[in-house]
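To start, I am sharing the structure in question, which I have written as structure tokens.
Chain naming follows the written order as A, B, C, D and E, and within any one chain the residues start at number 1.
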Amino acid sequence: MSLMQVENITMNFDGLRAVQNFNLDLQEGELIGLIGPNGAGKTTVFNILTGVYIPSQGTVTFAGENITKHAPWQINRSGIARTFQNIRLFDNMTVLDNIKVAMNYQMKYKMFSAVLRTPKYRQEESMVLKESLEMLQLFNLVEKYNFLAKNLSYGEQRRLEIARALTTKPRLLLLDEPAAGMNAKESEELMHLISWIHKKFNLTILLIEHHMPVVMGICQRIKVLDFGQTIAEGTPDEIKNNPKVIEAYLGEEVDH
Amino acid sequence: ASGSSAGGSSAAPAEIKIGLSGPMTGDISDIGQSSKNAAEMAVEEVNAAGGLKIGDKKIPVKLVVGDDENKPESAANVFQKLINQDKVLGIIGPPTSKCANAGAPIAESAGTVMVSSWATNVNVTKDKKFVFRACFIDPFQGLVNANFAADTLKAKKAAVLYDVASDYNKGLAEVFRDEFKKKGGEIVAFESYSTGDKDFASQLTKIKAANPEVLFLPNYYNEVALQLQQAKRLGITAKVLGGDAWDSPKIFDLAGKDLLEGTYFSNHYAADADNADLQKFITKYKEKYKLVPDATGALTYDAIRILFQGIEKAGSTDKKAIRDAVAATTDFKGITGTISYKGSGDPVKSAVMIQITEGKYKYAATVNP
Amino acid sequence: MKIIKSIAFWTVILALGILVEMLGRFEYINPYVIQVLELIGINIILVSSLNIINGFLGEFAIGHAGFMATGAYLSAICTVKFHMPFALGFLAAGLLSGLIAYLIGVPAFKTFGDYLAVITLGFNMIIVNLLNNLEYVGAARGMVGLPKSTNFIWVFCATILTLIIFRNIIFSNYGRIWTAIRENTLAAEMMGINVVRSKMVAFAIAGCFAGLAGALWGHMLQYINPSSFTYLKSTDMLTMLYLGGVGSLTGSVLGAVLMTGLLEILRDLGVWRMVIGPVILVLIMLTKPLGLFGSRELKIVQPKSDREEVQKYVSHAGRKHNNEL
Amino acid sequence: MSYFIQQLLNALQLGSIYALIALGYTMVYGVLGLINFAHGDIFMAGAFFGFFTAYLLKLPLIPTLILSMLLASALGIMIERIAYRPLRKAPRMSLIITALGISLFLENFTRATLGGQPRSFPKLLEIQDFTFLGASVTNLQVVIILVSIFLMLVLRYIVQNTMIGKAMRAVSDNKEVLALMGISLDTVIMVTFGLGSALAATAGILVGLAYPVIDPYMGITVGWKAFIAAVLGGIGLINGALVGGFILGFIEIFAAALLPSTYRDGIAFTILIIVLLLKPTGLLGRPVIKKV
Amino acid sequence: MAMLEVEGLEVTYGNIRALRGISFKVEKGEIVTLVGANGAGKTTTLRTISGMTSAAKGKVTFNGKDLLKTKAHHIVRYGITHVPEGRGMFGNLTVKENLELATWTRKSKAEVKKNFERVFSLFPRLSERINQKAMTLSGGEQQMLAVARALMSQGELILLDEPSMGLAPILVKEIFRILEEINKEGTTILLVEQNAHMALKIATRAYVLETGTVVMEGSGQELSKDMRVKEAYLGG
């Protein structure tokens, strides 16, 4: 079943055409890679899909609904979550609270209940606590629940950001260079983690990444952008051997 | 008051404390400063004579000063502190209506006499038994100016420029407007600004266009200096009138003789009046503080002496007795005029119109209440 | 057991309040001291409500005195013009100020940061200007003759209640949302948070309590005047807030107590008081840039920690994860 | 007609005064993100420096101006050294509150040492009146307007085109990395404060000449107005300060000229708010496109 | 005497001990690389050398000059250039202005001009974006700018903190090629890389850091063959 259709989107910045006629049809449950040289427009595509930018042209349809002009929070509520290329955590909140915030929409109690600490409040808060901890546990962060997010190491911050995005219970998860700043070993672990959550949460995932082992290892399908335009699309093997991609992006020999 | 009061010699205190509340900091701190100066001078004089005479003993006076910052909540604190902690017998000030209004209910409920020097707002003394003042109230000055403009200057068209955010200015301006109209005159421009403004060009240009014969500026002297200057530049030739807030020697400094030439303002006294006490006060004040006293100083001096007189007349430190004695003040010869209280805290006293010529105050007319 | 403990705690607190009130009534405690205590309480309400916006929400509002003014005036109109009981005026003040703050929020949140600061300041100036023109409430002359309805016990209860309410809100979903917005607005939006709405709610709450404080303030002084609510008053509140530590309720209390108390103690210094006061402020900021309490809270303000629940997870941590992988 | 022209001239004068003060304000803001509450008080200090140099040293206008600018720069730099520098790493708000403290200190210290009475500023410039299309203009007004435009251009040149100017703009982006370019942060910030304070002193003296009553609290209202002007134009932007200053001047003058003046402040601020709603980042501020 | 000598360097953040007494040296003309997991203290080491972070203990000398007591902007004048972690853009400045600021310590106009040309030929993308605000560059473009800035100021010793982060594979190779090239021209390099594979390939010598201490050292070749290094950092 098709989950999201991106039709013909174009994004201009002061005469610079960052994305041109971009199309994408995402099937429910897919794990797709989006790669391309620096400045090709990958992050810009993410920004359009999540309502940070409104495209100069084109439409984005998600689960049958046109979300092109929706605000980020509406888009999140309709089931899309993302991480950022430059990590954006709630730095001065604890790891646990970072996750709890992501559950804000699942909490239904009103101000009144909060003030009086009614049973409804207690019940929902303890539900949230429990679920948050479960999530932290999945990402091996429980022990650091009380750390401020900014005091985590880089890799931990990346994991927390993914966990936080997952906590909003999305159907589609957008990951922007999750392996940046990780060494080979760590990105390998991350790769396993991603394919594991892909299965476990039955998610659709769109992944931007420059670490080829990660992309080639887990993506079912890959789309390559250059200068805002799609230059190739296909399975990892097809992409690996596509001369255009080699020339623009991979370079002569593919690093193992 | 007779010897029957509790003020037997054994109970007489070692000193009599009088409180003073005024803005010692903030943008009108010079008003607080001159209140303080004048009050200190009065206290020194009394103490030089051995103190206040209560029964047959002379008791020295001590002045306790509180900074009300020209903020009502601070004035309230100052009043509570003066009354309950320092145990003063009476309070002088605050000179601003804003603070006096906050202090008055406290003085009233604590049964402590308060004599404000310069709070001209009608409400301050309303329904209060313990609250008095030494100055006249806004409506009176507004009336005096309106009458003077209509009757003496024979003006038909008047304009007003006043500070909308300050109740003194606003009070005078509105009464002037109403009274002048009653006299058959026309208010051709009624313009305002806010405290702290320095540029009045827009309003004055409007006034110029309305072509009034009289321009009423019921504002503080420092602002008046700027207003006169800008009015002249814009070519306004109307006769200028003002209120007692003009009365500061600084006005000559700030505005210059030329701009003031021929202007009028209402005041409590005329400096050239042959009032010996007043002349003595001015000389002494100048000597002591190297400054010429302004209206607040003179009014404070009167206010504290009214209180002194009340205490001596009461002959005791009983606050109720002091109140009764102050309320009975008649024909007190103050330096700002002759003061009597007739059933309320507002003095019955006359006002004078002063004209400024050649850098000097010249008596122009007396207006009785 | 826990319930008994907390009942005992609150009984002691309440008893303390009543005791001070009684001692005050029979003049065992100087009315001056009582009044300063009342002022401190009112300032605590003001500062902690400002803290909601500036501390937890992370905006920079500099016109809080405007909300205080609407509360003070509305309650005064209720008691003076309509002879309603103070309690009614008090509630009305809170509601109206909250509503106005909410409405201010509508246009205000098209912009942010220092632009929003100027809008709040502008609102403050507009309110003062309006009050200066409204003859009905005495214009620049202000309103006199407000009944002396504010007494220590009123202020005491209002302060305690305010703090409890704020604490409960801050340590709930609402508070977390505000803090998240403060920390990273875009990320917060990506968590499905309707940022504009959340901000407006925060403004409404802060405005409401500032209005309540205004009502108490007016009925303590029995006199109100537009010029008491200018931006100078707003900056006083800012000073107390940042002195105590922004983002901490404890800090707001401490800031209000210290500033109000300290300036009162220094009152006898006259002119130099306002020289020394700022010097102390600057010194404190230099030594404790985050304010005295930073963003920490006293133990009693913090809710029961989640530790027990967490412990269960920590002990199994890792194992389960690896198994599933 | 002459009425309208007169009001226009009034607006130009008031606007250029706001612009002058807003220039220094916005420059310090642009560099440090600091709402420098003390700026209005350095303006006041500048006026007093001018007052004393003119009275005590009996200097004419230009030397008075230069000396006051130097003294004000020294004061600004000293304040930065003592009160702001230790807070470099602290959050921005701590700095703003410290600035508030410094502001109160300057006001009240001046009040405590020099007294609260207003003083009349010496007449350093022979004021001449002209009539222009039926409206009255003075040479001083012309000077003020020209000076404010001139200083804006100079400042803009410095900030946009010189190395130190680029370094100044870089400070607000990344203080740490600036040092990695071999640039001393302290020097850049010192220059910023020096310049900003000199501008404030210039404004202080021109205002002293135009409105010759000075007192220790004269900086408060004007300081706020300048802040508002800077924000209106787009804070941190040099030409924004000029535009914001002039617009604020126009709003104030014409709100009083065309409508009841008792509501002037209210009307002026309502217009201000409406402008900010239409242009949420100030008149010249570009909408920020967040790159994430 | 080596060009850069670090001896017993200790750095703490509050109560976190980031460096627990590390020692190493860089000889003139070498490429030395520091390898280690997240949080090992690599960034901290570089920051301490360039004066951005202060040390608790130890000694750092550059050509015999004590760096620990020297301010960051003076250290640059000694000839040390640092490409910091997280790129450190001046976001509101244009690409050109960013590059210009890097020439603050360079007096000769001709030299500056030459550097500009060279940088633009290495990163043509930057010359296309010359008047764009750095803030709006893509992640990789920013990374290019950060490296380009270092080339502009052309110190004797360049400290690079993860220069390949966020770059496309083709550019990663390019960066390493550039590093080798400038090294041949006489610039000494101290490199921190997550891409240990590539880093070790070009390195003369390398050190392995673990929780703030040096646990291994050797030539690049040796270490890239070491089993422990392979397992921990090079992945399978």
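The definition used in the following text is that a residue touches a chain if its C-beta (ideal position, glycine included) is under 8 Å from a C-beta of that chain, and two chains touch if they have at least 3 such contacts.
Since the structure is predicted, the reported quantities are computational estimates derived from the model, not experimental observations.
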Count of contact steps on the shortest path from chain B to chain C: 1
Chain separated most widely from chain A, comparing mean CA positions: B
Pair joined by more contacting C-beta pairs (C-D or A-E): C-D
Inter-chain centre distance, chain C versus chain D - centres from mean C-alpha coordinates, in Å: 32
Distance from the mean Cα position of chain D to that of chain A, given in whole angstrom: 46
Between chain A and chain E, centroid-to-centroid distance (C-alpha), Å: 30
Centre distance in Å when chain B and chain D are each reduced to the mean of their C-alpha atoms: 37
Chain B, residues touching no fewer than two other chains: 25-26, 29, 164, 194
For chain C, residues that touch 2 or more chains besides their own: 128-129, 132-133, 186, 271, 274
For chain A, residues contacting two or more additional chains: 13, 43, 52, 84-86, 88
Contact footprint of chain C on chain B as seen in their complex: 24-26, 29, 65-67, 69, 71-73, 76-78, 80-81, 83-85, 97-98, 101-102, 105, 109-110, 121-123, 126-127, 164-167, 169-171, 194-195
Complex interface listing, chain E residues touching chain A: 37-39, 125, 129, 132, 136-141, 143-144, 162, 165-174, 194-197, 231-236
Chain D-touching residues of chain E, taken from the complex the two chains share: 50-52, 71-73, 76-77, 81-82, 84, 88-93, 97, 100-102, 104-105, 135-137, 149, 153
Interfacial residue positions of chain A with respect to chain C in the complex: 50, 52, 71-73, 76-77, 81-82, 84, 88-93, 96-97, 100-102, 104-105, 107, 109, 111, 114-117, 121, 125-126, 129-130, 133-134, 136-140, 142-143, 145-146, 164-165, 168, 192-193, 196, 200
Touch list for chain D against partner chain B, complex: 3, 6-7, 10-11, 13-14, 17, 108, 111, 115-120, 129, 136, 138, 207, 211-213, 215, 217-218, 220-222, 252-254, 256-257, 261-262, 264-265
